[in-house]
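Sharing a structure here in structure tokens format.
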Amino acid sequence: MTRPSGRTPDQLREVRITRNFTRHAEGSVLVQFGDTHVLCTASVEEGVPGFLKGKGQGWLTAEYGMLPRSTHTRMAREAAKGKQSGRTQEIQRLIGRSMRAVVDMTALGERQLIIDCDVLQADGGTRTASITGACVAVHDALQGLVTRGVLATSPLRDWVAAISVGVYQGVPVLDLDYPEDSECDTDMNVVMTGSGGFVEVQGTAEGAAFSRQELNSLLELAEGGIGKLVALQKQAVGK
Amino acid sequence: MTRPSGRTPDQLREVRITRNFTRHAEGSVLVQFGDTHVLCTASVEEGVPGFLKGKGQGWLTAEYGMLPRSTHTRMAREAAKGKQSGRTQEIQRLIGRSMRAVVDMTALGERQLIIDCDVLQADGGTRTASITGACVAVHDALQGLVTRGVLATSPLRDWVAAISVGVYQGVPVLDLDYPEDSECDTDMNVVMTGSGGFVEVQGTAEGAAFSRQELNSLLELAEGGIGKLVALQKQAVGK
Amino acid sequence: MTRPSGRTPDQLREVRITRNFTRHAEGSVLVQFGDTHVLCTASVEEGVPGFLKGKGQGWLTAEYGMLPRSTHTRMAREAAKGKQSGRTQEIQRLIGRSMRAVVDMTALGERQLIIDCDVLQADGGTRTASITGACVAVHDALQGLVTRGVLATSPLRDWVAAISVGVYQGVPVLDLDYPEDSECDTDMNVVMTGSGGFVEVQGTAEGAAFSRQELNSLLELAEGGIGKLVALQKQAVGK
Amino acid sequence: MTRPSGRTPDQLREVRITRNFTRHAEGSVLVQFGDTHVLCTASVEEGVPGFLKGKGQGWLTAEYGMLPRSTHTRMAREAAKGKQSGRTQEIQRLIGRSMRAVVDMTALGERQLIIDCDVLQADGGTRTASITGACVAVHDALQGLVTRGVLATSPLRDWVAAISVGVYQGVPVLDLDYPEDSECDTDMNVVMTGSGGFVEVQGTAEGAAFSRQELNSLLELAEGGIGKLVALQKQAVGK
Amino acid sequence: MTRPSGRTPDQLREVRITRNFTRHAEGSVLVQFGDTHVLCTASVEEGVPGFLKGKGQGWLTAEYGMLPRSTHTRMAREAAKGKQSGRTQEIQRLIGRSMRAVVDMTALGERQLIIDCDVLQADGGTRTASITGACVAVHDALQGLVTRGVLATSPLRDWVAAISVGVYQGVPVLDLDYPEDSECDTDMNVVMTGSGGFVEVQGTAEGAAFSRQELNSLLELAEGGIGKLVALQKQAVGK
Amino acid sequence: MTRPSGRTPDQLREVRITRNFTRHAEGSVLVQFGDTHVLCTASVEEGVPGFLKGKGQGWLTAEYGMLPRSTHTRMAREAAKGKQSGRTQEIQRLIGRSMRAVVDMTALGERQLIIDCDVLQADGGTRTASITGACVAVHDALQGLVTRGVLATSPLRDWVAAISVGVYQGVPVLDLDYPEDSECDTDMNVVMTGSGGFVEVQGTAEGAAFSRQELNSLLELAEGGIGKLVALQKQAVGK
């Protein structure tokens, strides 16, 4: 088995994390997993939605979008169609849950973090790149609150990163790109914390059902990949 | 640890599968997982969506809804709000993928199966009940095509069923009801075929991240539960 | 003239009223007019819409829906289409007006009754079954407020029920089922109180216009039918 | 009892029918029932909707709208809100059914009549004025097809007109204006053909239920009023 | 070059301004530029949108619509389609900006002017007719506030009017009607105050780009035309 | 008068045009006017919309969007709100008209160019940057058709670029950034071809109306600026 990219089964694509990619957001990160490029911003707003008012805790929500021509053939613009697809909603809910797992809402206080992940160029794995980049954007936005004296310490309790794994031509491989993704029998997205706990595990049999043993191999690959991603996140912020 | 319902950790709620619950649908099943009641219908329509025309294969799609007062407090009606929630879309996409895993689209021919899962009463686990009931409705709809001489054999290749598992007060438990679901640290939905392969594994850490060991315990519980569900499906259709 | 069902012209279909059909709603009734089955729930919510705040009176509103495969061929799901049809809105407005005619809004106080009528199976006459069932659900919800000591007496001032009548093959007949409904020249829905007053009269010439004499015959049939329905409502609640 | 307008109980408001009010429509009528002014246009389009293609018959549909400031206080513009209200849909469905009752769809051939009723100024009775004016607009549009040699004779089989009646301060009165309409106990809209058949009867108890006797009085008033309206329609077209 | 209407290049169509065209609006004007007829109403509402509360100033907003059969062939009704077109939004934003240029928002106080321009019949130039008519409607609505003693003097600081100009068959012409508009190379809409200042200049090359010299000729034509329109506005209100 | 940026009145911000910014689009340009950064892609699709089929000509359309946190404070995502704002529609219509002015639709043949301008970072002038960048993206997409042998010569007849001008503290200035834009009395957007013809002129008085003389000064500034932009466009593509 040879991967279309020539990578070894447990090899990540080249990952780059560029901070302060745009000016206005409190955290702004361009994350690149090979040819998948996502702009992740974290915005801080004072106040929380109505159902949380007066409860002394913060809130975090996430939105996701793809630029119409981030893909091989142009997709219709969701704003023009007047609705977000089921896939978009599924992904933005996943990003939100992943980030809420590592932010201490009580320490955040009555303010809101809004994460926007917008795909500039897609080549598979946009949701895992989004989570990995968003965590750095959230780090920067929260650090900004500390720097400006709003908070004494950052409410970010741990790192969180995500990677896809799948069975390609019978072999478990890490970090699927688009040519692999479209031919995989089994496809799994794994979200883990820096300290090695699972936040989300989502595996789907695209063709034949998968066995417990395949599941185990895929989880091991993912654990290794996420360890490397967290190291890159720390390096990006100079830790 | 005592479960609110008094069940043992590996005990399913009482499961009932009532076929032919309504008259018009080609397959119509009321599935009850304790106090969770879902009406699952499978409709057969000749023809396929445009993108499949002339390809000699069928299609299967699923929709999900909750009656506004299926829940403890009334939810807004999605038809009146003018959009389906992200949760609704996520669930109906899951039901569709799960059923497509066991229906042979080429054997189905250029016709469409549309599954509707409508929750009449909710007490946790509506998506797993939906998948389990939908499979029987699909069985009946496809059997009808055989009976009417449209197809020689049923395109249903295997059974598929689903169950939730979670860590409740530190103990892995099977088939969460609403009181458990709202307090679980980790919540996992597992979809498997009758022959024991995984179709979907979706685990989420609601509070603290979960370990590989917890994941393994949960998967084992799920495997046991799904075995029982498939036995009940077979019994319901007299096999 | 023989009716497709073999009924006499003034004969209702078999009517069944099942209370407490689901658990969560304050009133929950499955009403069956032959093969037409509607789940009617009445929900009580404290507070009223903004335009009524501080006026010392309650509010009642109704919503109606059909499950996609309640019908002979599957209808598109309104939540998926993103809008309710004109027919749906017309029916839910009718249900709301009918119920408001028998509930004393001042006695109800600043709380809201929300009625949901969801058609599980349709065979003609879903709106008349809805009104007839909703009245029992409202009875139960209001009785619950009395039982819980919130109100001293029930604000339900009278019963209300509804029936369709039409001219089928030249003969006025009561309680049209689907085969009759689709062939009737004139179709009328009548809503009356238990004490014999008219709440709504809606007659439509589907083909030729109808005469005053036909109108009179139809109204007489309806009066007889509604008398029987109110008796069944009372019997259902043990009065 | 004195009516706010000083009219006798069986007196219509001053009714004016102005043909050719705008240039482009095949039929264009400004109808005035006192201070209620509605612009009714009938447009002819070749071809029919998909579900009627090749069946050798025509189609007729109607739409209704109110200009935002046709009313005492400004109403939100439905185009800006992005949806038509239930009331709007109810009225436009009524106009369509009323007109279809007098147009011979087979004689029309595979073409479509689209009626637009737009209220320029409202003072009660906009739906009855709309039907009464739309019939003249349809007459003119169909006559135009005859004049242009497209059809040999007009497919308009009869006239149709509509009027409201209600019980105001205990007395049945004809053609309710806004001050009466907002205080009526019972409100009925009646649509009849020129030859005296009923097309629609829609009576609603706003407060107390109404008796059979009241219903009869109201129907008699309506019959008289519609006779006068049909005479005015004929006079307007010079018959 | 002969204009289809036989007008000279610098000749306006016959312009009529009819005040008090409908009863309920505080200002109601039918403006006619030849066969283009627009009903312009100005509504006064106490209070301002949330973002302006407590700032001691008023607000003015405008909406625009075309009746479905105001045009040569019927257009779909925007309320039925569920959205306003880009063209509609562009025009109503233009009307709003134009009117805000001549109303003193501080003098208006915390109240809102809502302008509705609804095209009854279209023959080119609906936006320029709308602005010209709306100004008179606003004049009347504001004068009403003075008459009723709410304001001491009118917040209308100047007149504002608008006209189209274009290059038709090589010649700059004033006030394009539909036959000219659809064949013009360059089309410009100009909005000016009574004292001769520019409020909006919007020129578009439909085919070939236009030169600075053409632009100058067109602006001169427009200045002349707007002078005449302002004179007609003043005459209409008796000044 | 000193500009916030320290620029002279007729000085553009630093303009950068980066081609091939993303991989998939036939033309992909990042255009930067100082801190305003817009990603412009041009997509080529075979075939045209229905109304143009068989007419032997192509079509060009444009869409525009802002990433939610491209701005100082986060804006709601249009895809989540379910509609594009009036401003968005106005801008995308302007981009489309501007580009259609320089593309020969007959030479393009029955294919479609779709332009997407997505603002990554906003600091005023996003519409003028969009047009300027889009022209280079279109150039590249059309050149690609020539390179691939689909067309013999490029249908791009001329360059087109756009710039804003305004009166800031009484002085006409070129290329407004956000701090200037929000304080300008008069704001004008000018679109011109490489050969010096005007395609669009849109001037708006934000406060006081502007004079003919101010208009002339602004146009002169714009002419100078666009000359420089076209030179940069040519330089970017190596001409």
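Which chain is which? They are A, B, C, D, E and F, in the order written, and residues in each are numbered from 1.
What we mean here is this: a contact is a pair of C-beta atoms (placed from the backbone, for glycine too) under 8 Å apart; a residue touches a chain by one contact, two chains touch by 3 or more.
Note that the structure is predicted; figures quoted are calculated from it, not measured.
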Mind listing the chains that sit against subunit A and also against subunit E?
F
Using direct touches as single steps, what is the fewest number of steps from subunit A over to subunit C?
2
E-F, D-E or B-C checked against A-B; over half of contact pairs coincide for E-F
So which chain is the furthest away from subunit D, centre to centre on CA atoms?
A
Note: subunit D sits from subunit A at a C-alpha centroid distance in Å of 59
Whole-Å separation of chain centres (CA-atom averages), subunit D against subunit F
51
Would you kindly tell me how far, in whole Å, the mean C-alpha position of subunit D lies from that of subunit C?
28
Interface hub residues of subunit D, defined as touching at least two other chains:
82-83
Order in which chains appear around the ring, subunit E first, subunit F after it
E, F, A, B, C, D
Residue ranges of subunit F in contact with subunit A within the complex
22-25, 28, 35, 37, 39, 41, 43, 45, 63, 65, 67-74, 77-80, 82-84, 88, 114, 116, 118, 120-122
Which positions of subunit F touch subunit E when the two form their complex?
83, 86-87, 89-90, 92-93, 97, 101, 188, 192-193, 195, 197-205, 208-212, 215, 219, 223
